[in-house]
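Next, two complexes with chain A in common: one pairs it with chain B, the other with chain C.
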Partner chain A sequence: MSADGWYLYGVVEAPPGPLDVEPDVELVTEGPLAGVTSRVSLDEFGDSALSERLGDAVWLEENIRRHEQVLERVLASTTVLPCRFCTVYRTEADVRRFLSERQDQLTAALAEVSGRVELGVKAFVDPERFAAGGAQENEQIRELTAQTAQAEGGRAYLESRRLERLVGDERARFGQEAASQLHSRLLDAAERGVLLDLQRPELSGRDEEMVLNGAYLVSDRPGFERELAALAAELSSRGLELELTGPWPPYNFVSEELRG
Partner chain B sequence: MSSRELEGYRSGQPAQLTDVLERVLDKGIVVAGDIQINLLDIELLTVKIRLLIASADKAKEMGIDWWQSDPFLSGSNGRGELDKRLRAIEEKVGLPTSDEES
Partner chain C sequence: MSSDLRPDLRQQVTLLDLVDRVLNKGVVLSGDITLSVADVDLVYVGLRVLLASVATLEEQGMPVAIGDALR
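Presenting the complex of A and B:
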């Protein structure tokens, strides 16, 4: 039987009150802070074992999801500073030492996100809906659409190709414009916000082109959602689709000094 | 169908793995050197995760393939960058460095 290690999911203010977490999740309290931990076997999470496990996509997905789920259940009751995946300490004393040595930074980082959640907003442009909606606001496209409908044979083909290109350019322009409008209005409804990398369709799981992938630190969630609904009402007829994710632990808003 | 569709946007679905990954692998607290279990910096761990997933057939099914667009991993100077980080990590944990000139 090998020794256990301590997997640290995140840090909360102590005492956090009752948490609805799985039975194997334990709090390690050190002064005003507590680590959300569970004991893991070093057979699984130890130095050499981990290298092997990291080659196992099924194990990875399971554990990455578990990391997130533990934090989400904590988040339902209290503010939590999330740790990165596979933060494993050898002993409980090491977890305590981390909490006490970094107490000031951790406390400050917690104060920054206290009572706030991270919400994700993704925006997509649906090509067909854009062609029928937003694109028709462009006079040149309207004219060409009418001409193409009347043209025949080779000319019809050429004109439809020209139209396609024109609509494509217009869609790219609309996407950029919509993204910056969305981001600035959502920032106004949030405390902070950051732009994440856009996901290609094979990652996003959607065929439409992603034009915005933002994360926002929000204290007034109903207000933020109202603003999102207002933006959807303004932009959806032109082919824009919005997706809200979260609430997430504030992964994107932990203090820089605490990041690797 | 989520009730929010009435509001004109989607929400409330289970999180996409991609959204989880871009958070738990890249973001969150990590203090180099404090992790007792690994001699390797957690950053290197993340790189390893990506590289190893890259070699798994399962990766495409899981929709994980961003390393293809990550210059750190796929670019011509990726190797140099990796070596640089390795050296920094080795110094941090007090191992003899793999490259004497640092």
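Presenting the complex of A and C:
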């Protein structure tokens, strides 16, 4: 009874060569481009059904992960321009029409990211390690640390509070400085880069303060990762921690004309 | 992964990293598709709130599927 719709995960150059994808993933080829699609039931992905599903967190998580998994398997073999979650067409003809109407923009956008991947880099400052490491480069903090260790009673309390404040200010300054140094050196090792919103601790899942959340479009992965390792080695003794994610389909490097 | 990168630099991708990309970036289309752009925007905002509320559990070392929080 239910009709099928076409879920569009992303767009690749046609023909893309052999892809190792899930059995239900099909290519819809139109001229020099192909859509990576799978047939979905409109009972599940039609507009009224879909609005209901979008309130179902279990369904959402499953399908968000599936969207990314399909794209990552394509990414292993070829460059793919990712579509946003739940891009569903009613017919195959609609998918073809999209590919042909937007052919120039899609081809240009694919060329921009061809042979490149998106890597994510996040940086955090660990307060304890910073207090023992980076903060001690500040003379005033070194002196106050020594004084506080010798002080007693109420004075010890006041001085340790003063020290805490000072270390806090210094940590904020270090975080900003480290973030701008990281971003500029990572940009040099990448084709392009963007700064994403910082994630507050309750969202990042880490207690440490996030100071950098960057996405980089990279063609020389080993070179980029060597630079990242060098930065980690330089900055970790001062309390900085780095995280690398990816390779991602180039979500953050889709040209503006294709962003709705 | 190149071997000279310290293994602790590579982290498990969080659901937030995924949500920030899959729901907020990529090619955004309007027109013949079944769902409006505004609908997905709303879901994105809602999911970020939901993720913040389950983060406490994850901090305690429990990997939580976002759906579990609603059961």
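Just so we're on the same page, the second predicted complex is superposed on the first by the 260 of 260 C-alpha atoms of A that agree within 3 Å, B and C clash if a C-alpha of one lies under 4 Å from a C-alpha of the other, contacts with A are read in each partner's own complex, and residues count from 1 in each chain.
Keep this in mind: contacts are C-beta pairs under 8 Å (C-beta built on N, C-alpha and C of every residue); 3 or more make two chains touch, one makes a residue touch a chain.
Worth saying up front: this structure is predicted, and the values here are computed from it rather than measured.
Asks: Fit or clash for chain B plus chain C once both are placed on chain A?
Replies: clash
Asks: Once chain A of both complexes is superposed, is A:P82 in touch with chain B (first), chain C (second), both, or neither?
Replies: Both partners, chain B and chain C.
Asks: Contact-wise, after the overlay, does A:P222 reach chain B, chain C, both or neither (first, second, both, neither)?
Replies: second
Asks: Could you look at A:E68 and tell me whether it touches chain B, chain C, both or neither (first, second, both, neither)?
Replies: Both partners.
Asks: By the touch definition at the top of the document, which applies to A:Q199: first (chain B), second (chain C), both, or neither?
Replies: both
Asks: Let me check the overlay on chain A: which residues of chain A are in contact with chain B and also with chain C?
Replies: After superposing on chain A, chain A residues 5, 10-11, 42, 45-47, 50-51, 54, 56-58, 60-61, 64-65, 67-68, 81-90, 94, 98, 106, 109, 120, 196-197, 199-200, 202-205, 225, 228-229, 232, 242-245, 248-249, 251-252, 254, 258-260 contact both chain B and chain C.
Asks: In their shared complex, at which residues does chain A touch chain B?
Replies: For this pair, the touching residues of chain A are 5, 10-11, 42, 45-47, 50-51, 54-58, 60-61, 64-65, 67-68, 81-91, 94, 98, 101-102, 106, 109, 120, 196-197, 199-200, 202-205, 225, 228-229, 232-233, 236, 241-245, 248-249, 251-252, 254, 258-260.
Asks: Touching chain A in the complex: which residues of chain B?
Replies: Touching chain A: residues 4, 7-11, 15-32, 34-39, 41-43, 45-46, 48-49, 52-53, 55-56, 58-59, 62-66, 69 of chain B.
Asks: Spell out the part of chain C that touches chain A in their complex, as residue ranges.
Replies: Counting only chain C, the residues touching chain A are 1-2, 4-6, 9-11, 13-37, 39-40, 42-43, 47-48, 50-52, 55-56, 58-59, 65-67, 69-70.
Asks: Could you list, by residue number, the parts of chain A that touch chain C in their complex?
Replies: 5, 10-11, 42, 45-47, 50-51, 54, 56-61, 64-65, 67-68, 81-90, 94, 97-98, 106, 109, 120, 196-197, 199-200, 202-205, 207, 221-222, 225-226, 228-229, 232, 242-245, 248-249, 251-252, 254, 258-260
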